[in-house]
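Presented below are the structures under discussion, each in the form of C-alpha cells.
Both complexes below contain chain A, partnered by chain B and then by chain C.
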Partner chain A sequence: MPPPQQRISKDAWERRLHDVPVTKADLNRLIMDYLVIEGYKSAAEEFSQEANLTPPVDFESIESRMDIREALQRGDVEHAINRVNELNPDLLDLNHALHFKLLQQKFIEFIQQKRIPEALQFAQEELARRGEESPEFLSELERTMALLAFDATPNPPPAIAELLSPAQRMKTAGEVNAAILESLSQGKEVKLMGLLKLLCWGETLLEERAEFPKLNVLDGTFSESSRS
Partner chain B sequence: MNTRPSRSSSIPIPRSASASSSARNLESLISIPLIPPGRGQPRSPSTTRPIPEPRRVSVADGSRTAASTSHGHGPPTSPIRSSARSPSVVSSVPRRSPSNTRFEPRVVRSTATDGEGECPPQSSTSPTVTRRASLASVRAAASQRPVIPHHVVARAQTTSFPRPSYLDNSSLRHMLHTEIPIAPIPSRRADPTASARNQAYANAMIVENEDDGSPAASPSIMPPLKTSFKLPTRWSDQDRHPSLNVSPEGRELMHQGQTASGDKDAASARTTHPIPPACGIFYYEVDILGKEQKSKISIGFSGKTARFAKLPGQEPHSWAYYGDDGTALSPDRTGIPFRQPFGTSDIIGCGIDFTTYKVFFTRNGVLIGQVFDNVGKDMPIFPSIGFQQSGDSVRTNFGQEPFKFDIEYHVQQQKVVVWNQIQATPLHRTILRGHPKTGLGSIASITNDMGDQPPLNEDESKTAIDQLVLSYLVHHGYAKTARSFEKQCHSLEIKDIETSTLDGDDDDVDMTNGASKADGADVDIETRKTIVNLVIAGKIDDAIDTLRICYAPVLEADKQLIWFKLRFRKFVELILVTTELKKQMKAIREKEKQQRKMSLVPPLPTHNHWMEDDMGMDIDEDVVGPIPMSNRPSSNRSDSSGSGREKNLSPELQEVNLRYEDALTMAITYGQSLSNDFHSDSRPELQQLFKRTFGIVAWEDPLEEMADIAGHHSRVALANEVNQAILKSQGRPARPPLETLYRHAATSITQLGLMGVGSAVFTEMPHESIH
Partner chain C sequence: MTISALTVDRLKKAKNSVIGNPLAKVQLVQDQVFVAQLISCLNPESLPFSGAKGAQESLRIEAAHVVASLSYGSEEALGVLLRGNAHHAFFYAISRLTETDPPALRAAFSRALRAFISSLADNVGPSLWGLKPETSSIRSEAEEALSQHFQHEFLDIYLPLLVPPTSTPNLSVASAVATSTAQMIACTTRTAAQRQAVTEWRPATDRHAEIKSRRGWEKTSNGSASVPWVARQLLSLLRDRERERDSRLIESVLSALAALSKENPAMANSILKASGDGPHPITTIINFTKSRSIDIQLAACLCLTNTLRATSHSIHPSHSHPSSHPPNASHGASTLHRAPSHGSLHPTSMHGASVEENCIRTIINVINRLISSSPATDLLGASTSTMNSPQTKAKACFILHYLVHDDPSLCHAAFDRGCLEHVGSLIKEISSRESSTSEWDEDEPESVLQLREASLTALASLALRSDDIRRRVTDELRLLPFISRALRVKKHIGTRYAACQCVRALSRAVLVLRTGIVDSGLGMDVLRIVLGKDLNEKSGSALKGRDGKQRESNITEKTDDAMDVVDSTVDPKIIPLNEDRRVLSAALSAVCNIVNDFSPLRPIYLEEKLMPRLVYILRQSDDSALRLNALWAVKNLVRKTSTETKRDIMNHLGWHELLQLLEDPVEDIQEQGFNILRNLAENEEGIAMVFRELGIQILGKLINGMKSHNDDVVLQSTFALANLSNGTPDQQDLIVKFPQLLPTLQCCLSESNASIRRPAVSCVLTLTKKNPRRRKDMAEAGIVGTLKRICEWSGHAAGLPHAGHHGHGHSASISGLASLHPNPPSVALAPGGWAGHPSWGPGFGSWGGTGTLHHHYHNTTVHQAHITGHQASSHSMVPDDDRDVVQTARVALDWLESGDTYT
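And then the complex of A and B:
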C-alpha cells in the first residue's frame, strides 16, 4: 500500500465541488424518486406542482402501495393480498417467491394471534403445497413451522423468534413494496440511499489515500481533519 | 451552485469529447485518397483475418522518413512526435537482414504493393467499419485537408482510432484518448513524459500546504475535466529488446534476433504508454501470427522496471500467460496452470481489472480465468510481451478492431459487481459527524454517539434522508411539498423515536440548520417562495418590493449585486413586452392583408411594401438606433397620431401600436435610468451582463435569439440566485445540504478514480440512471 497521505485543502476541494455538473433539476428528480418510492403521496403531488415535474407514476398507485405496506405493517395480510391483486392481478401469479412471502407472513400472523388451529390448517392447505412445488422455499417453510413447536416456549431460538418481531413485518412489507415498484418499472431502491452509500464507500476509500475535508451530511458543512 | 444548470449538458461526454473528435478528424482525412498513389496502400490481408494490414510500405517512402527523422528522438511529448518516431526507428533496424526470411511472405507482399503504381480507392479498403462510419460523420473537417502536411496524415493513418467502446463504461471516459488531443490543453502538452503526466494527474489537486490553495497557485491545480490520459495503442520503438521489430503502426512485433538459448534470455517489449487505471478495466488481444511449436511467447503486463532481456512473468512486477505450457506466471507466486497452451493463429486476450487488481486472460474469445493480485495497484503497468524464438511474430489489437472476446459484456458485469458492493456498504455513523446544532431530537439521538458505533440502522438512515429531503424542500421554497412531506413523515414515523423537541403542531415546517422558531420559518419559506415565483413570473418590481420589505439587506449586499441583476431583468422584461406587441402588430397586419385579398381590394402600392416588413422603418430605428431615446418615441408617437399614414392603420392596429410605443418609451426610460445608476460600477461580471442585457434590443425576437439572457430559463436562474442571496443574508448555506452531499460524493469518486481506484470509475452518480 502506498501510505503517503496527501492532503487536499478545503479550498481545492470546494473548487472541485463547484465544478461538479449537477443541476437543480437533477436533484429534484432524486427527491421525486424518494417521495414516490417511499410513498409520500401528497408530498409527491405537491412537488410535481411546485417543481413543475412530470410524475413518474400515477399517484394512485403510490397510495395503494402505501396501503398495502401499512396493512402488512399492522399484520393485516389478507387486506394486503387483496390490494396487491387489485393493483396488479398478475403479480402474485408471476412472482412465486413474493406470494410465498405473503403466505408465510399470514401464517406468522396466525401464530401471533395465537390462532393455532387456523394456523395449522392454513399451513397444510396453502404453505405445504408451495413448499412442494418450489423446493427453494422448503427451508424457509421449515423455519416458519418451527414457530408451532416453540409456541409455548418462553425463549425460542433467535432465528425463530425474529419471525415474530416487528422487523419481520417490515421486511415483508419492504419486499412487497419493492416487487410492486419493479412491476411498475419504477426503480425499487431509493436513489438517495444509493447516494449516501456511495458517499460512505467513497469517503472510506479516499481516507486511506488522502486527507480531505469531511462532510457532515446533515448540515452540509465540512470539517477539516484534525491532523495539521 | 445550482445556478449553473447548463453544466449538465457537459455530463454526457461519451465520444463527442473534443479530443476524440479531433482524432477522428485526422482519421477522416486519411481515409480519403488524398495520398498520392503508391504512397500508402493497405496490402491484401496476410492471414485469414479479414482486416487489411496497415501499410508497412509507408516506411519505404524516403521523404516521409526524412521528415520524421528531423523530429529527432525526443520523448513522446505530443502524438505527432511519438508516432513520427516510429518510422525512423524502424527503418534503422536492419530490415533486410537474413533472419527476415521467416517473415518473407509479408515483406514480399509489401514490396509488391510498393511497386504497384495504381491502387484501388482507399475507401473500399478502409481498415475497419468503425472508421468508415466516423468518416461520414466528420465530413465537415474537409476544409482543413490541405493544411495538414502529408507526413502528419500518414502518421495519423496508423495510430488514430476511436476509443474502444468498452471504455465508455468508465466515468472518466472523457479523459481517455487514443491520441492526446492536439489542439486543446496547451499546458498538458508541455509535460515531458507520459509518466510525468501520470504523476501529475494523481497529484492534480493534492496540495502540500494550505497556502497552496491561494488564488495565485490555483492555475497549477488542473481542471479535472480536461485531463487527458493516453491509452496504450502501440508497441514502443524504444522500450523493447533490440532484436524485436516493431511494425510502423506499432501493432506487430517480430523476433528477428538470435533464438534464445535456454530460459534465461528473451526479448520483450512494452507499449509506449502505461495503462491509465481510469479505464477501470483495460483489455487487449494478441493474434499469434507465427510461433514455433515449442517456443515461448509470454503475454501480459509489466511495470517499468522489468528488463527487456527477460520474458514478462519472470521479472519482478510482471505477470504473463505462457504459450508453450499454458501457465500464468509471475515471480510473486508459482505458476497457475491454465493447461491451455497457445500457438499460431490463436488469439490471446489480456485484461487488467483495476477494481480487483487482478489480471484475466482469454483464449480465442473465451475467458480462461482471473489470476494474480495487486497488479497495477502501486505502479503504472504496461501491456507487455516476450519472445524467445527468432521469427515468431504477433499482431496486436489495442481496440483498433472489434475484439474476439466480448469485453463489453465482461465490463458491464464487473460494473454490476462493483455497484452491488457499494450498495452493501453499511452507512457509517461518521457521515453525521460533528453535527453541531442539533435541530431535531431524533437526529440528536443519532449523532450524540460517535466512534466505533454500529452502522446506521434502517430507521436512522431513513430519518437522515428525510431530513435531507426536508431541508432541500425548505431551501428551495417548496413550501407545500415540505409541509405535506413533514406531515406524512410524522404519521409514518415509528413512535418509539423521540420527537419531543418538535412543536406539537403538525403544520410547522421545521427549519434545519438552527433556524428560528418553526412559525417564523414557515413564514420565511412562504415569503421566499413568493419572491422566487414573482421573479419566475417576470414580475420583477413586485419581487423587488417584497425583498425591500422582508429582506432589505439582500438588495444592498455585495454592492447591490442582486438589485442590479433584478433591474437588468426588469429591463429585459420591458423589452420583451415590446417584442410581444410587435408580434401582435405583425399578426394583425397579416390578418388584414389576408382580408384585403379576400375582399379583392388591391392594396395601395406604397403600403404593400411597407406591410411586408414586419413593421415601419422608423419604428425599427427606434429599437436599434442610437437616436436620443427620450425624445424619439414621443415624437414618433405624435407623428403617427397626426400624420397621413395613420389613416391607413385599422383601429385595432392603431391601438396596439399605441401600446407598443408606450411600452417602448417605458423600456427606454427605464434603461436610461438604470444605465445612469449603474455607470459607476466596475465589476467585470456585471459590466458583461450589462452589455449583454442591453444587447437584446438589437434582436427581433430576443426570446429566440438571446435565450440565455431573455428566456424563461434565465428567469429561473435569477430566481435561484435571489433565493440563495436571501439564504446567505440569513447566514445559511447557499446550497442545500443535499446538494453539497451530492457534490461531495461526486468529487470523492472522481478523485478516487484519478488516484487509480478502478471501482470508482465504474460507479454512476444516481441521477444518471433516472430518465
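And then the complex of A and C:
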C-alpha cells in the first residue's frame, strides 16, 4: 500500500518558494550565462551594462564563436579552423581529437561537393598522417574513408551515410563550441538548462510522496495537481 | 628577401598551416631565413618601420603565435628556434612590455613564452606524469636554456607577471597573463634546485631595500619575508573571489602551488601556515576539490598531496624511518591516524592532525571517485566525458602514487578506503577491453597506455610496504597475469617500468616470492629483462609457469655449484644493454629481492647466468643506479650460501674488482662492496677465503671504510671487520697487529652512533676473549677507556649480563626474513657451528648483511637512493636499542680487566 500523500496547496507552495533566498545578482548571472553560451553578443553586452555585471568573457569571443559555428554549419571548415586559431592558438595544437574532427569534417565537405580528387589528396596528406600519429583515430578514419567507396551507391550503410547528414555538421560544430567554451573557463551547457532538468527530476521524485502544484515549463504558471 | 617580406597575412597563413600539424612545423623551420625573420619580428626594435603602431603590434602577436605553435610537438622545430635564440627574444620583449601595451599583445607573449619554455622542460625532464623516453636529440641545448630560465635576471622578468593589472575592465583578459605565468611555473619547475630558485625569489625592489636597511648583525625579522613572494602571490590569486570562476586561472595556480611544494618544506609550510583574512588556504584548496571542473579537482588534490608529503617529510623523513614501522605494528595502523613516529603536520598546532586527516580523506575520496567513475554517475551534467577520460584516471592514479609512496601508514589509509580494489578493477577493465593478443601497445591510444602505466605504478606503491596488501593483490584480486602481460609490452617503456616495480614490490613478501612469483613466471620474466632477452620470444631456455617450478626442484637437488664459471668478458653471446636504463634498473631491483637465500629461484637464476650479466652491467654501464643495483644483487647472492657458490660468484666478480669497488667514487657502491665482504665472511670458511684471496691489504681498506664520512660505509666496513674477527687466532692476530686498525676501531666506538658501535663492541669482545694478552694493545689504542665511558653513560647499573645470553630480540628466527623487512640488522648469532641458533656464545657471532629494500622510484634522472634495514637503523636508533651495546661493552670490559681469571 502506498504511503499517504501529503497535499500542499498552491499558496503554501508559493510561500515556501518565496522563502528560498535567491539574490538578484545570482539571477542576473544565470541570465548572463545563458546569453554568453547561446551566443547573443549584443544582448549580453547591453545586459552587462544594465545589470552592472562584470562580463565573464571577452564579448568579441562570443562573436567569433558564433562565426565558427555558422561556418561549420554551412560547410566552410577552412574558415572555421582559421577562426579557432585566431581565438585560441593553443586549442588545436593541444586537442588532437578536436583537430581530427575538423579535418574529418573538411574531408566530408569535399565528398559532399563531389570534389573527389581534392578529397583524395587531402586524405593522403592530412588525414592519413593524423591516423599514423594517433592510432585511436584509425577506426573513425576508416569509416570516413568508406565514403569514397559508397560514393556512387544509392543506399550506403547507415553508419557511413550519417556522416553526410546535416546532423554530422551540427555535431562537429557542437564539439568545437564546447571545446572553445571550456578553454574560456565557461560551462559547456547553459546553467539554466541544467537547473530546469534538476527541477523536473526533483518534481518527479516528490510526486511519489506529495501532491503539489507543478510548474508548467512552457508558460511559467503552476498547475494544481489534478490527481484525486 | 628583406625583413619587411613578413606580413601579418603571411604569418597568419603560416600559423594556420602549422597548428596541429607536426610535419608542417618541420617543413617550415627548414626555411632558415623565415625563422630568423620570424624571431626578429618579436621585438619592435628590429622591425623596419615604426609608423603604424597597430600594424606592428599585429605582426608581433602573429609572430608570437607562430613561434608558440612551432615549439609544440616537434623536437626538430624546437631545436631550430632554440638555436635562433627565440627564448632570449621573448625575454627581451616581455621585459619591455608595459601596462599601456594592449592586453592582446601581453597575453600573446606570455602564452608563447609559456609554450616555448614548457616544451623545453618536457624535453629535459624529468617527466611530470610517468616515464618518458630519454631520446631527445636537443637535450643539452634545451637544458642550458632552461637553466637560464631560473636565474635571477630571468625570474625578475616573468614572475612579476603573476600580479594581474588592476585597470583592465575585462577580468578574463586581465587574468590571461597571470594564467600563462602560473602554467609556466607549474610545467617547468621540476627539480629541487628549480623549486628553490622560484621559492627564494623576491622582487628586485625588496632585495635592494633589504640591502640598504640591513646592518650586518641584524637578522631580518620581517614577517612577510618568511613567506615566499611567489606563495603569497599565488595564494592571493586563489583567494580572489572575483576570479574564482576563472577555472583556467584556478587550475594553473593550484598546479603551480603543487609543483613548488613538492618535496619543498619551505613552500609547503607557507601554504599550511599562511595567515591573513578569509579562510585558510588549505580550506580553500579542499573546497576546490569539489569544483565542477575535473581539472581543478585534480590540481587541488595534487597540491594537497605535495603539501602534505613535503611537510611530514620535513619533520620525519619517512624513507629514513622504515625501522620505526615493523611490519606487524603497521598492520594495526589501519586508521587514518598516522603512526606516532611520523608526527603531526603541525607539531605546534593542536589542529594539525585533523587538518592532515581531512586532507588525506579528501584526496582519497576524490581519487576513488575519479578512478572508479563510469558513465551515468554524473547527474548534473558536469562534463562526464572528462571524468571518464583515461587522462583523468591516469592522473588520479599518479596522485595516489605520490600520496602513498614510501609511507606505510598512508598506504594502509588508502587500502582501508578501498583504493586497492579500485586500482585493481581499473587494471582489469582496461585490459579486458582490448583483444586478447599480447600486442597491447600496437593500436592502443597513448592515453590508454599511460593509464596502464599509472595504474600499475599506483599498485606498486600501495604494495611496497605491506604484506597484507601484497596478499590481496595476488590471492584475491589475482592481478599477476596482468602484470605479466604488461612486462611484455613492446613500445611503451613506462608500462614495463611500472610492471617491474610491481614485481619488485610483490617479491618482498616471502610467501608471494615462494609461490606467486614462481608460478606466474614473473620471476623468470624480470630475469630475462635483466639478461636482455625478448620476453615475447618463446625460446627453449625460458622457464615459465609450472615448468619453472618443476625445474627448480631438480636444480635444488643439484645444489648451488651447478653454475659454470665463464669469463663474461670473453663470452661472445653477451647481449648489449639495449633496454631503457630505468626499466633495467627496476627489473634489477626485483631481481635483488628474488635472489635472497629463501627464494626458490636463486639457484635457477645462477644457472641462467645471472652472475656474468651482473658483472657485465657493473663493468659496462656508466649509470650509477644500474651499477648499484647490480652490486646489490651480488650482495644478496653471497649471503647465506655455500662456500662453493661464494667462490664461483667471486670468480665472476673478481677479487681485485671487489677491492676497487671498496674505493669507488660513489659511496653507495663502496657501501655495497663492504657489505659483500661482510656477507662473504659470515662463517669460518668464508673468513679463510677472504684472507687467502685478499691478504692483509683488506684490513687497510677496512680502515679507510671505517674512516669514511658516510655513516653507511662506516657501518658496513665495521660489520665486515666484526665478521672477520671471528677467524682463527692467527687471523685475529693479523687484525690486532695491523697498524692503525685498533685506533680506528676506537674511533668508531667513541664517535659513532649505536648501530655502528654494536658491531664495533662485538669485534672488541671477540678479539679479547680469545686471547687476553691483547688487553695491552686494546688499552694502548684507548679502547678500554672508551668502553668504560660507554658503560658509564648508560646511567643505570644493570647487572652483569650472563655470558651467552642476548636478550634483544635479534633471534635467528627472523634473520632469514630480515632482508625483506626494514628491521634492524639481522644478526645471525651462533656459537661455533654458525648454525643460526638462537643461543649465542659470548661475543661470537657473525653479522649477516642484508638489505633488499629497494624502495625508491627513480622516475627522475637523479640517482636513486637505496634504503636498507641497517642503513635505516643507523639513523633512527632509539635509545632503548643502545642497551645491548652497553651490555656487550660491559662483558668486553670485564674480559679486558679480569680476563686472566677466566682463562
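Before moving on, here are some points about what is shown:
The criterion applied here is as follows: the second predicted complex is superposed on the first by the 222 of 228 C-alpha atoms of A that agree within 3 Å, B and C clash if a C-alpha of one lies under 4 Å from a C-alpha of the other, contacts with A are read in each partner's own complex, and residues count from 1 in each chain.
The working rule: a contact is a pair of C-beta atoms (placed from the backbone, for glycine too) under 8 Å apart; a residue touches a chain by one contact, two chains touch by 3 or more.
Please read all numbers here as calculations on a predicted model, not as lab measurements.
On the superposed chain A, the positions of chain B and chain C overlap enough to count as a clash.
Using the contact criterion defined above for the overlaid structures, shared-chain residue A:124 touches neither chain B nor chain C, since it reaches no partner.
When the two complexes are overlaid on their common chain A, residue A:13 makes contact with chain B while staying clear of chain C.
By the touch criterion defined above, A:194 lies against chain B and chain C together after alignment on the C-alpha atoms of chain A.
With both structures placed on the common chain, the touch criterion links A:215 to chain B but leaves chain C unconnected. In the superposed model, A:34 makes contact with chain B only, not with chain C.
Judged by the number of chain A residues each one touches, B leads among chain B and chain C.
By the touch criterion stated above, A:26 is placed in contact with chain B alone, chain C being left untouched.
Of the two partner chains placed by the overlay, only chain C lies in contact with A:55; chain B stays clear of it. By the touch criterion defined above, A:165 lies against neither chain B nor chain C after alignment on the C-alpha atoms of chain A. Touched by chain B in one complex and by chain C in the other are residues 56, 187, 189, 194, 197-198, 201 of chain A.
Partner chain A is touched in their complex by these residues of chain C: 12, 15-16, 19-23, 65, 68-69, 72-73, 111, 115, 170-173, 242, 245-249, 292, 379-381, 383, 442-448. Across the complex, chain B meets chain A through its residues 1-2, 4-5, 7-8, 10-11, 203, 205-210, 212-214, 218, 221, 223-225, 378, 421-423, 425-428, 430-437, 443, 447, 458, 461-462, 464-465, 467-469, 471-473, 476, 478-481, 483-485, 487-489, 492, 512-513, 720, 733, 735-752, 755, 757, 759-760, 763, 765-767, 769-771. By the touch criterion stated above, chain A contacts chain B in their complex at residues 1-2, 6-13, 15-27, 29-31, 33-35, 38-43, 45-47, 49-51, 56, 170, 187, 189-206, 209-210, 212, 214-221, 223. The residues of chain A lying in touch with chain C in their complex are 54-58, 81-82, 85-86, 89-90, 92-94, 96, 99, 126, 129, 133-136, 138, 182-185, 187-189, 194, 197-198, 201.
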